[in-house]
Each structure stands twice: as C-alpha cells, then as structure tokens.
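One chain, chain A, appears in both complexes that follow, with chain B as partner in the first and chain C in the second.
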Partner chain A sequence: MKELFPLKQVNGFVFSLLLTVVALSVYFMDMSFSLGMTILLVTAFIQAIVQFVLFMHAGETDDKRTIYTTLYYSALIALVTIFGSLLAMVWDM
Partner chain B sequence: MKIDHSQPLEYSTHKNEMNILGFWIFLGAEIMLFATLFTSYFIYENRVGNGPSGAEIFEITPVLIETVVLLTSSFTIGLAINAMRLNRPKAMLWFLGITLILGATFLSVEIYEFVHYYHVGATLQTSAFTGILLTTLGTHGAHVTFGLFWGIAIFLQIKKHGLTPETANKSFNYSLYWHFLDVMWIFIFSFIYLKGMM
Partner chain C sequence: MEFFERFAIPHPDPMIYASMVAIVLVSIAIVAGLTYFKKWGYLWDEWLTTTDHKRIGIMYLISALIMLFRGGADAVMMRVQLSSPEMEFLNAQHYNEVFTTHGVVMIFFMAMPFVIGLMNYIVPLQIGARDVAFPRLNALSFWLFFAGAMLFNISFVIGGSPDAGWTNYFPLASNEFSQSVGVNYYMWALQISGIGTLMTGINFIVTIFRMRAPGMKLMKMPLFTWSALITNVIIVFAFPVLTVALLMGTFDRQFGTSFFATGNGGMDMYWANLFWVWGHPEVYILILPAFGIYSEIISTFSERNLYGYKSMVASMVLISLLSFFVWVHHFFTMGQGALTNSIFSITTMAIAIPTGIKIFNWLLTMWKGKIRFTVPMLYSVAFIPLFTVGGVTGVMLAMASADYQYHNTMFLVAHFHNTIIPGVVYAMLAGLTYWWPKMFGFILNERIGKWAFWFNVVGFVLAFFPMYITGLDGQARRMYTYSESTGFGPLNMLSFAGAGLMAIAFILIAYNIFYSIKNSPRNVGDDPWNARSLEWATHNPVPEYNFAITPEVNSSQALWDHKKKSHTLFKGKIDKIHMPNNSGIPIIMAGILFVFGFSFVFSIWPAVIIAAIAFFSCMLYSSFENDHGRYISAEEVKETEEKFGGAKK
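For the complex of A and B:
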C-alpha cells in the first residue's frame, strides 16, 4: 500500500495545495494590486513547475533535453505574445 | 518490436519514445494556444460595455471547488502512473477511476457556473469581456471533456488488454495531458478569477 503513495508525489500535492492557499490570500486579504499580482505570478509559475517536473516526469528520461527545449520555447512564445500585446495595446507604450 | 527493459514500460520501444516526445511537442503548441486566449482576455478584460464585470459575476465557492478537485485529480493520475510503473494494473485502474470521477465533478461545477453566468446576463454576445471569458473557460472545459472520454477509453483498454507497452504508453501520454490541463487551470484561477476578484 505504501509504495502506491510515494513521498515525492504526496509532498508535491501538499505543496500545490499550499500554493493555492497563498494565492487565495489576494482574495481574502486587503492588499495593493501590484503586491497581489506579484503573489499570483510567483505562486502560479511555481505551481506550473511542480506539475511539470514532479508529476509529468519532465527531467527523468533520455529525451529530457528535447522536452525542456520544447517547454522553454513555447513558454517564451507565450510570454512574448502576452506581454508584447499588453505593451502595445493596454499599457500604451 | 524491440523492448528495452531498462526503461519504464511506456518508454520501452522506439515508437513509444517518439510518441511521448511528440506529445510533449503537442503540449508546447497547446501552451501557445492558451497564450493567445490569455492575450485576448487581458486586452478585453475591461471592455465590459453594458454587461457585468468580472468582479460582479465571479463566485469564489465554485471556483475553489473546481481548483481543489482538479488539483486532486492531477495528484491521483500521478499515482496511477506510479502504480503502472510498479506493474499494479488494479491499483492503477482505481486511481484512474478516481481521476475520471473528479474530472466529471469539475465539469459539473463548471456547467453550473456557465448556467449562473447565463442567468446574470453574461453570455457570449454580451460584451468583449464576457465573450473572451467564456471562450477561454470553454476551451479549457472542452479539453477536460475530451480528456474525460479519452480517460474512459484508456480505462477500458487496460481492463481488456492489461499493461502492455502500448497501453502503458497511451496512459502516460494521457497523464501528461491531464497534468497539463491542471497547469492551465492554475493560470485561469490566478489570472482570471483571483485577479478579477482582487
């Protein structure tokens, strides 16, 4: 029974619940917009890394370099798309 | 078909390795798909017209239920893959079954949420904001719906054929997909709901 619940995964799950609680603080506590956004950005990206590395076994096999290259590349395109558009169309720079 | 026993079963043949790598590349494309949706969302977020704004229609309770349910299902599908690697198909099917039930729970709450939006007058045509909101949530929900049927198909295949290099490979790709949906939900939860209600 015990080997069905490896410590690594249980810890990852507890940690991801913890991150959710931290993210929720922006809703339940009164804080400035920029502080709230910082908390959300940090918790969301740590959460994503926990999922990819712990649960999706991204770095465990021979194809790890290709997997990480794909992930970095798509994350880069995603961030450039989002922040590039925000810069041009919302923040008026 | 050459089987390499030093690797986990889902990686055991060359074709299996390529399938998993190909699936990662597909997930890369999915990241970009959601990036374009988030881009449009952030641009249209404040264009509410005569319709309601996010702060007026978002409810914390269903969103919290959805988040916890999806996080838990991501955990249980991880346990299913762990059981698969220990060659315990029965335990794996239990975890997969729990994952599917949690996935169905998530979808029911999301459907409730959409009905709520409809009743408070936030439809696809109300404003730029509600349009992109429902498109983004709907794209994620459609992925979960597809994942639910895919999971049922995998459940049946493992029940019928047991753990073979093929079924293990399919299950592993499925677990990648499910974890990925959880990651996308975390971003929706943080940057659509919590940001909107802050």
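For the complex of A and C:
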C-alpha cells in the first residue's frame, strides 16, 4: 500500500497550492511594487519547476537528459531574450 | 453597397486592375480545366487530402516556385523604377507596396516553403523512415502555410497591399500612418502561416529524434538531416516570438491597445526588438538547411566523404545558439548606448567563426576530389566565394560604429541579398536539381541548367555588387526615386541589367522543367549521381512506403558503404506496412482559417466568430475521430517491389 500511495505528488500538490496562496497574497496585502514583483517572479519559477518535475514527470524516463537539456536551453534563450531586450530598450537607452 | 466599399483598393492603378482581370481569368481557367478533364476527384484524393510527406513536399516546392516568380516580378518592377533618375514607372505608394510584398513573399512564402519542402521530401528518406512522426499535422502545416500565402497574395487586389516594409516597423505600421487594411493582411497572413511553420518544427524534431533507422546514431545522420534538426529547433524557439508580436500588433491596430504606440506607456521600438528576436534566428532557419544541402552536394560530386563532419555539426549547433544572441545588430542606430551595441557587435562577429569553419570544410572536401561539374555542383562552387563576400560585408555591418554609415543604405540591401541569393536561393535550386530525379525519375537537362546557372551568377553579380558602391555613396534603401545629380544613375542601370539576366535565368529554369518533362530519358536508375546517403537507396520514383524493409546503417553515408564496403542495408523480410490514412480535415481547417483571417482583416466580426467556431469544431471532430491508419499487406508490398525492378538488398 505504501508504495502505491503517490506521496511525492500529494506533497507537490500541497506545495503548489501553498505557492499559489503566497502569490495571491501580493494582491491582498499592502506591499511595495518591487517586493510584489519579486514574490511573483520567485513563486512563478518555483511553481514551474514543481509542475515540470512532479506533474509532467520530467525526470522519470530514459529521456531525462534530453528533457533537462531542453529545459535549460529554453531557460537560457528566454533569459537572454528578456535581459537583452531590457538592456537595449530600457537600461542602456 | 456601403459594406463592399471597404474592399476597394485605396491606391488604384491600371496595373492592379490588369492583375485583377488576370487573376479572375486564371482562376476560371483552372476550374474549367479541372472540370473538363474530370480531375477534381484525382486532385482531392491524391493531393489535397494526402498525408504522404513526399507529396506534401512537392506541393511546398510548387508553391515556392510560384511565389519565386511573384516575388521576382516585384523585384524586376523595383529595378525598372530605379534604373534611371526621376523614373515614373511606379509612384511612391506603389513602390512601397511592391518592396513590402517582395520582402514578405520572398522570405515567408518562397524561401520558407522551399526549405520545408525539401526537408519534407528528403529527411524521412535520409533517416530511413516511412513518413514524418505526425503525418496529418504535416498536412495541416502545409495548408496553413498555403492559406497564409493566399491571404497575403490577394491583398493587392482586395483592400490594398501592406506598405510598411517587410519589417513592418511601428509607428509607421500603426493605424495613424497606415490607414488601409494592408498591415492587417500582413499580421494575419504571417500569423496563419507562422503557426503552420511552428508545427512543422515540432513535427520534424520528433521525427528526427524518434524515427531514425536502426544504427543511425545522432552523429551518424547525414548532414542535411542534421541541418534540418537544428533548423527546426530554431523554429520552435523563434516562431513563438513572432506569433506574440503579430498578435500584439493586431491588438494595437484593431482593438486600440498601445503596445507599440508612441504614447500611453507603449514603445514603438519594441516592435523592432520583438521582430528581430524572431527575425535574426529566422535568417539561420533559412541558411542552415542550405548549408546542409551544399554539404550533401559537394561531398557527392567530389566523390569524397565530407571533410570535418564533427566540426560541421558543432559549428551548426554553435550558429544556432549564437543566432539568438545577436538581434540588436539590426537596429544599432536606434539610440541605445555603446555598451549594448558593443555586446551585440561582438556576438555578431563571433558567428563568422563557425561559418568560416564550414567554408574551409567544404573547400577541403573538394581538395583532391574527383569533381564533376554538374548543375547542382556549379551552384555549390559559386556559392562559396559569393557567400564569403556576403559574409565579409556582414562583418563590416557588425561593427556598430561603422554601421551608422551603412545603416538603411543600399549597402545593406546588397549585403543581405549577397548572403540570401548565393546562400539560400542557389542552395534551393541546387537541391531541387540534385533531388529532382529522386522526386520525378528523370534528370533536368544539364545544358539548359548550365545556361541558367551562368545567367544567374552573372546577373546576380551585376545586379547587387553596384549597390555596395551606391550604398556607400549614400543611396538610401526604399527610396522610390533619386535625382540625376546624385550620380546613382549608371550603376542603377547596371543593376537593372543584372536583374534582367536573373529574370532570364529563372525563365530558363522554368523552361528546363517543361523541356525535361518532354525530352529527358526516364531510365536514369535509382542512383543517378553516384550519391552517398540513404535517400538514394530506395526505388526511383519512391514507393509510398519509402522502404520495403527498414534499412540498417552504421555510418553517415550508408549507401556508399553499401556500394563500396558491401554493407547490407536491408536485412529481414518484407512484412505488412502501417501507413497513415488521407484526411480532408487539414485543408478544411486551413480554408476556415483563411476565412477567419480575411474577415479579421476587414473586422467583419460575425464571420470571424462563425469561422472560429467552425475551426474549433474541426479540432473537436479530430479529437474524437477513430483513425488507426491502414496496412499495406506483405503481398502488395512484394508486388510493388517487383514492379519497381525487384527488392533492394
């Protein structure tokens, strides 16, 4: 029975609910814009990781390496695009 | 009648009315011809509903060739207009529409389908697969591209062409400065065909990762397949940016948002930024398959294995990564500081390194090879020096401070045509000629092909090298005329002469197809070029199941091993083969999206809503449709193999 119970997934579910509550608190609590954005960004990234690893089973098959390489590559391209755009359009204008 | 007034063209011109008449007449002729010869059933069963990657590939290639002539006609019109000072062939507005159409058609509706068409036909054969991973999705990709292309092509007769350049920069493309529906057409035509391309990307990544023949490790794939894999990875990462940018542009124009507005918290430069975040990788989406094709052709016609296979793969991977790091070099002059420009200047120059590696590898492949100067090889040999000139001027443009001099001049126009024409167009012509016998079972006439080649190369040099000079002298890009005192006249006349020679080259290519269909011998065998990779290991023309027995390989040149090292490709016996069924859903969905796009362009909301419902109904229907494909029985396969001249070893 013990090995049938998806403890990891249930914990993950509770954890993702918790992350949602924290993110939601930005709306209900009175805080500065930058603090709010920081909380949203951090919780969003953790949430994405939880979803990928626990619910989309990123690390559970033979494709593990391919999947993680793709994820890292996507993250790299996304970050370069975002920070490159910020640099060109805002910071260094 | 008020309703119909919106379809009127805002800037009428006798030439446009003539085109309207021509379009109507040609459409009537096609419909009448198909009805008279009773070909509707054949067309529907064998082509329009097909899920066979080979037929989809051929449809892509036909569309690309037609669009090549459309875009080419625009190019000739531009060169006529600029051939001498104060020319009055086109007015300013018409000239704007023509160069916009030329750019969009050539990039999206000529180069892209040409590349994807060749990938469609060749990649499954090169990896020993029976089809792509998702055959019906592949058909949908094609029909979405086709719907987008048709939507764009009717713009100049219904409602007016887009006229803000193929880059469609805001605020010029906003409602304030582009009042006709032209830019709406741009948004929706590219949106629809772009989604098709995105699906192609996913389809081919899965195909190449999942469906390779036994023994074909990643590092044993033929180089064209490698280039296709990398290209599709770039597509999947780059195209979503275009999708989003186009949607934001649509919202700005049709729903009054201010993403790219100059006020209201919007930022007009952000369009340029997003456009080139997609646009620069797009350049490599076009050129990498070309590199793959050249690698195949140079190795085949030098009768040597490709020099530096690993470095070829590594340099392509590096180019694909760097392609996402350089986009700001398209707008060095937009006002960002020296730090930003320096960073993007350096990343841009870095791309020259892997590209240089490839150039040397091709040269070393030919070194001491037994070179046969066939038409595909001639294009490949001409590509190397011409593309190098284009690359070197690219490094010049990459220097941010110097770019202030070159930016938006004919120098830039010369540079990118210098990379795209010898790079992409020659590769496509070379690839088409090289794989033509694979597709149709006969070789295109070599003599006419060589004439076309020489007209093409001489025409290209005459047309574009003068632009480097006029550009440095200050002739701005997209100016519809110039005064005599500028002194640009003689060199522009030379460009016009070059464009004329290129036009003759393309007419010769079309004539060659016609001539060869009638006169070329049909008994060329399965391997007419003495080639090296797997696509030549099956029959000619290819049976619908590609390979009766799945081949087993142990190097990137499986057929060469078979011929020279007595490697057995086809072990085992013939069994029943699982094939996908045809489906009418893709073309119907694309037709619905065409209506959707057209109604959206003119803001006819009831039609938009109905089309959207119809589209989702098609998706719903597909989700619940029970289609497990069909089997070709072993007897039937054996029969076909006998008909094609016996089973392959």
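Operating definition for what follows: the second predicted complex is superposed on the first by the 85 of 93 C-alpha atoms of A that agree within 3 Å, B and C clash if a C-alpha of one lies under 4 Å from a C-alpha of the other, contacts with A are read in each partner's own complex, and residues count from 1 in each chain.
One rule holds for everything that comes next: a contact is a pair of C-beta atoms (placed from the backbone, for glycine too) under 8 Å apart; a residue touches a chain by one contact, two chains touch by 3 or more.
Bear in mind that the values here come from a model prediction, so they are computed numbers and not experimental data.
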Regarding the shared-chain residue A:L87, is it in contact with chain B (first), chain C (second), both, or neither? second
Classify the contacts of A:I77 with the two partner chains as first (chain B alone), second (chain C alone), both, or neither. both
Chain A residues in contact: does chain B have more, or chain C? B
Touching A:L18, do we find chain B (first), chain C (second), both, or neither? neither
Which of the two partners, first being chain B and second being chain C, lies in contact with A:Q47: first, second, both, or neither? first
Both chain B and chain C contact which residues of chain A? 66, 74, 77, 81, 85, 89
Residue ranges of chain A in contact with chain B within the complex: 3-6, 9, 12-13, 16-17, 20, 23-24, 26-27, 33, 36-37, 40-41, 43-44, 47-48, 51-52, 54-57, 61-63, 66-67, 70-71, 73-75, 77-79, 81-82, 85-86, 89-90
Which chain B residues qualify as touching chain A in the complex? 7-8, 11, 17, 20-21, 24-25, 27-29, 31-32, 34-36, 38-39, 42-43, 60, 64, 67-68, 71-72, 74-75, 77-79, 81-83, 86, 88, 91, 175-176, 179-180, 182-183, 186-187, 189-191, 194-195, 197-198
Touching residues (chain side chain A, partner chain C) in the complex: 66, 74, 77, 80-81, 84-85, 87-89, 92-93
Counting only contacts in the complex, chain C reaches chain A at residues 209, 237, 241, 267, 269-270, 273, 277, 324-325, 327-328, 334-337, 339-340, 343-344
